[in-house]
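Order of writing sets the chain letters: A, B, C and D. Residues in each chain are counted from 1.
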Amino acid sequence: MGKIRVGILGATGTVGQRFLQLLEHHPQFTVTALAASDRSQGKPYAAACVWRLPGAVPDAVRGLVVQAPEPPLDCDIVFSSLPSDIAGSVETRFARAGYRVVTNSSPHRMDDAVPLLIPEVNPGHLALLDACKGTGGGFIVANPNCSTVMIALALAPLAARFGVAAVAATTLQAISGAGYPGVASLDITDNVVPFIAEEEEKIERETRKILGFLDASRVTPATFAVSAQCHRVNVVDGHLAAVRVKLARAADPAELREAFAAFTGLPQELRLPSAPERPILVRDEPDRPQPRLDRDAGGGMSISVGRIARDGVLGHRFVALSHNTIRGAAGAAILNAELLLAKGYLEGP
Amino acid sequence: MGKIRVGILGATGTVGQRFLQLLEHHPQFTVTALAASDRSQGKPYAAACVWRLPGAVPDAVRGLVVQAPEPPLDCDIVFSSLPSDIAGSVETRFARAGYRVVTNSSPHRMDDAVPLLIPEVNPGHLALLDACKGTGGGFIVANPNCSTVMIALALAPLAARFGVAAVAATTLQAISGAGYPGVASLDITDNVVPFIAEEEEKIERETRKILGFLDASRVTPATFAVSAQCHRVNVVDGHLAAVRVKLARAADPAELREAFAAFTGLPQELRLPSAPERPILVRDEPDRPQPRLDRDAGGGMSISVGRIARDGVLGHRFVALSHNTIRGAAGAAILNAELLLAKGYLEGP
Amino acid sequence: MGKIRVGILGATGTVGQRFLQLLEHHPQFTVTALAASDRSQGKPYAAACVWRLPGAVPDAVRGLVVQAPEPPLDCDIVFSSLPSDIAGSVETRFARAGYRVVTNSSPHRMDDAVPLLIPEVNPGHLALLDACKGTGGGFIVANPNCSTVMIALALAPLAARFGVAAVAATTLQAISGAGYPGVASLDITDNVVPFIAEEEEKIERETRKILGFLDASRVTPATFAVSAQCHRVNVVDGHLAAVRVKLARAADPAELREAFAAFTGLPQELRLPSAPERPILVRDEPDRPQPRLDRDAGGGMSISVGRIARDGVLGHRFVALSHNTIRGAAGAAILNAELLLAKGYLEGP
Amino acid sequence: MGKIRVGILGATGTVGQRFLQLLEHHPQFTVTALAASDRSQGKPYAAACVWRLPGAVPDAVRGLVVQAPEPPLDCDIVFSSLPSDIAGSVETRFARAGYRVVTNSSPHRMDDAVPLLIPEVNPGHLALLDACKGTGGGFIVANPNCSTVMIALALAPLAARFGVAAVAATTLQAISGAGYPGVASLDITDNVVPFIAEEEEKIERETRKILGFLDASRVTPATFAVSAQCHRVNVVDGHLAAVRVKLARAADPAELREAFAAFTGLPQELRLPSAPERPILVRDEPDRPQPRLDRDAGGGMSISVGRIARDGVLGHRFVALSHNTIRGAAGAAILNAELLLAKGYLEGP
């Protein structure tokens, strides 16, 4: 009973490095292939990659030679964090070649056939893949944008208990979300940039798909309005969102607190290896959550919520925080893969 | 025809230092007295103060001895930036002793008898002082909270042209707003703090007073809802606000842009010395305004507005930016004093 | 065979918090008493302390009531990170009352009777305590200043192999070294402060004591000149030192590299729980070590050395980096206590 | 008597932008041509350039079309801040075509025929150009590396009064020194990078040339040893250097202070427009100079020196600070051009 063999597309990037870090001791997956679209092809990973995380390149992948991101690769499934300008067509080719593609990239997220998955929130959307199940055929499963994961996770218990009528989220996002070299230091030192390309649009549309309803063969997006205003701030890791929400029924802030704190999902029930004990941690201090103090909660897989209060315009408000390259990217994809495995979607024909 | 002699209460603090910097070459005011509530009393200012602005203590005040903040002081009017725990009673004593008090501190802002003044926005509120006019009696005029100035300035042209039905502002505020030593570096390096004591409440109530209506002897606050969520970010100077606004009538974003760009007020008409040529600068680049690049626009007295767009939840949105210790504090108070002077409120009996 | 019961003096400070974090799962020590000199006395630790490290207060100490830092305390030994203005007399009282005091504070470091200990460098200096051994009497053992630990560790293999004739170290020190609230954010954002009170003097004198020679009952300092220039930079954790060294004999940079890489000591031989596998890690990349990437090496107990090269003025140069609150403070004291335990200095009469 | 017409090579870069900012109201020079090596050629400057300085593109150059950096250009002299990989050959072609080239780029700095000029330090080195004088022929004059300017300026009065026997400088350099995009924010947030490519070598060799002696047709470098260790720190503008110096004769720190404070040069005597009143400002506070507070001294053209003290290894030490893109780059070149003009080197045949 060996581990499932995993290929990483975009292995040299910041999310690719997180994949390798998080998979180093994973009980179910082992990395057997690395690919990247850049000049690193043909070199051993340790030479190809400028490792930007604390610590060193995991020993098991130091010598793996970086390949072009094209099938075939010596692996059973692929994790993708390719740049969005090439991810779409590459991932399609892998899926057509029979690979199961678990992607953090954006191009396929809104495809009708692709579940946009947060295992605690919409595991039922995996039914989109049921036609492929057991055929050995390839497919694509996507996790949301790094800010959307957190916003949708926080909304899930509110939608379930109270109904959501409208959401306005203002984000303060970390520099690691832009990759490497990413944000120039001259742009962000002693500064804020009130713009992240396409980010507001992604949050607005992805949130509705995740919280939408599965009909036969596609997901009908939720109908509530979503507004996002996005900012880059001088933080290494950890996206924060100031959220205002209009609920479908009256509720006391204490009820929202209870809904957040009690929230749990299928990953917790199935004890998936990357599932945090609690998906949402509630902080009651007046000045939390904070990126530096709370981003690593639950190994980076728990989001933290605080400052739950009434709001004069939309009814309620709170602040959410998540580790953008773990729960918001590599960890999200790995948890998706763990759910796929647990539910039998990774089995052969 | 000498200059008006000014005393500074709270002269050693960060706003006090800005007062001295901005008044160094002022054509109408000259600093003749300095007072502070701390251990600096009795020392020459240059020895009493740890100067935290670029450059050096203005020569004219280096030798002024710091006094206790109690009347009498050798001056005609006082500017106050005392800490809020003592400002209220001290300012009252100065007003009762016949001084005109132009304050940046918060305790009296909501008093019925105190105009909460932004000269471009609500100069008519000065009528609250008409009973004192010409009597030689003292009074208090306040400028708003550092974030409120910018939000109210941005709303003013919208309120005038379209009517405002609701406002939700999310702020990213600079560390200089907390004074010195203020925010601990361990709290803000690689971090965001989603809390500033009483800031959300101040923005919510002050905005309504400024945009309210004068009836006989008091101001009736505007009736629209205001929601504020406030964050401290790692920026030296320059508060940014992501604003969503519900207007009373339909409008195209281009109309909002035009309303912002065309906005002008009494300080511009009167050519007050500290009035910027344009109170609101519109930036059309997708990634502006930014604190480091735009805070000094108009000598720190212009606010900058950008990213004007439709919003799925409240109808419209934009981003505003202002220098928090100039237009948001010392410069605001000085502009208030200039208007008082121009309108005859500083004349003797 | 229970664990040794430990009291923490200065438990609410930044180093005190590190003590608790590092001792949470320690195999030999268990925290049974907490004391602090501030207003936190009398409160349960979780209420008394504003926890500034990622994660939460360890469960085992949440309910411990913070006491005054005076004997008696319910413990066998005390770790001290008291402020330097009170540490001296308090530690003396604990030692006289029979406690073994393992201190990170500075007042006693230069005392003749106090070993200034780095277990890999000068374990022989423990002989200063031999008169107390087995008597059950109290004593004080100190670890050096946070920058000195790293400089002395890096010099140790050079002194042993080549002899050291002079050292000039220029430090770039992290903000956590100043405690909390410590450095004001206005002082360090977009800035460097070329001054840390008494730091240069501490490095200059402590380095010579650590690398000095034990004669009978005291340590004769090493005779080489030490020069330190110290700067505070905008880094959360991790002190960096640019070191130039004049050796007593000619050496090739490759020989220095070999001396660093091969260095090991008694803690490694004894497999002390907090001893890193290698005290000094050599980084060969041209741009390492870096605080954010290398401070956590060896659990924060390894220092990293890089950029080893010839120097036109003093002969050789290199850059060293260490985690200032782990190897430079709390971890240093714990390693000292582990060595004391292993060598029988914590046994009763 | 019109102004001298200036072309800027590398006009879109960070130093190019500083040239335009500093020349906007210059009494002697007017910008008539812009050139850059990048994709901006053929566009009006306002469209070609992402302006990264506070404020806006100077009106006079908004419409100038960016050209290729090749002669002919419509101007009398050129300022160059081209990237070092192309500056060498381009500048040679301009000089051969008869242009006077005033360059901030590095390739020609060590050429025998090129004065490496700091007008206060070595104006006599201009004699290298005497053969060209009055011929209308082209030549190249270079200013030093951004850190070298400050180090050589600080050493000049010491060399004159006491003689210099050795210098060891450790720099903490601002991110603007690397241009735009330059340093990635992930590399410098909560971090220090102990490496700047070729910087240490430049400081070591350029300092000796500047302080060298002119013989007939070339400069013989000074013979004292120079050692540099360079670091990038998280500061926008302002390079700081911790300097240790061995003087040729005994001196009291107070004598060094006096030498710094009294230092003045030809630019001050000639009242050149960009010359600061005092080239070196002495700060006596224990914690100055600091980049954010002192970089703009003298309009960015004064360096600041503080912490003058004895040093146990080399005899004396101090800290120097300079604005790296003004005195360290664009301002240095402009001052060089002003001296050339004053001494008749810009006259035609």
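Here is the rule we go by: a contact is a pair of C-beta atoms (placed from the backbone, for glycine too) under 8 Å apart; a residue touches a chain by one contact, two chains touch by 3 or more.
For clarity, every value in this text was computed on a predicted model and none was experimentally measured.
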item: Far-end chain from subunit A, centres as C-alpha averages; value: D
item: From the options B-D, A-D or C-D, the pair that copies A-B, where over half of the contact pairs coincide; value: C-D
item: Whole-Å gap between the CA centroids of subunit A and subunit C; value: 40
item: Approximate Å spacing (C-alpha centroids) for the pair subunit B, subunit C; value: 48
item: In subunit C, residues with contacts to at least two other chains; value: 52, 187, 189-190, 234-236, 292-293
item: Residues of subunit C touching subunit A in the complex; value: 52-55, 189-190, 236, 292-297
item: Subunit D residues touching subunit A - in the complex, by the definition given at the top; value: 14, 52, 175-176, 180-190, 234-236
item: Subunit C-facing residues of subunit D, complex; value: 166-168, 170, 172, 187, 189-195, 204, 225-227, 229, 231, 233-236, 240, 242, 244, 286-293, 306-307, 311-314, 317, 319
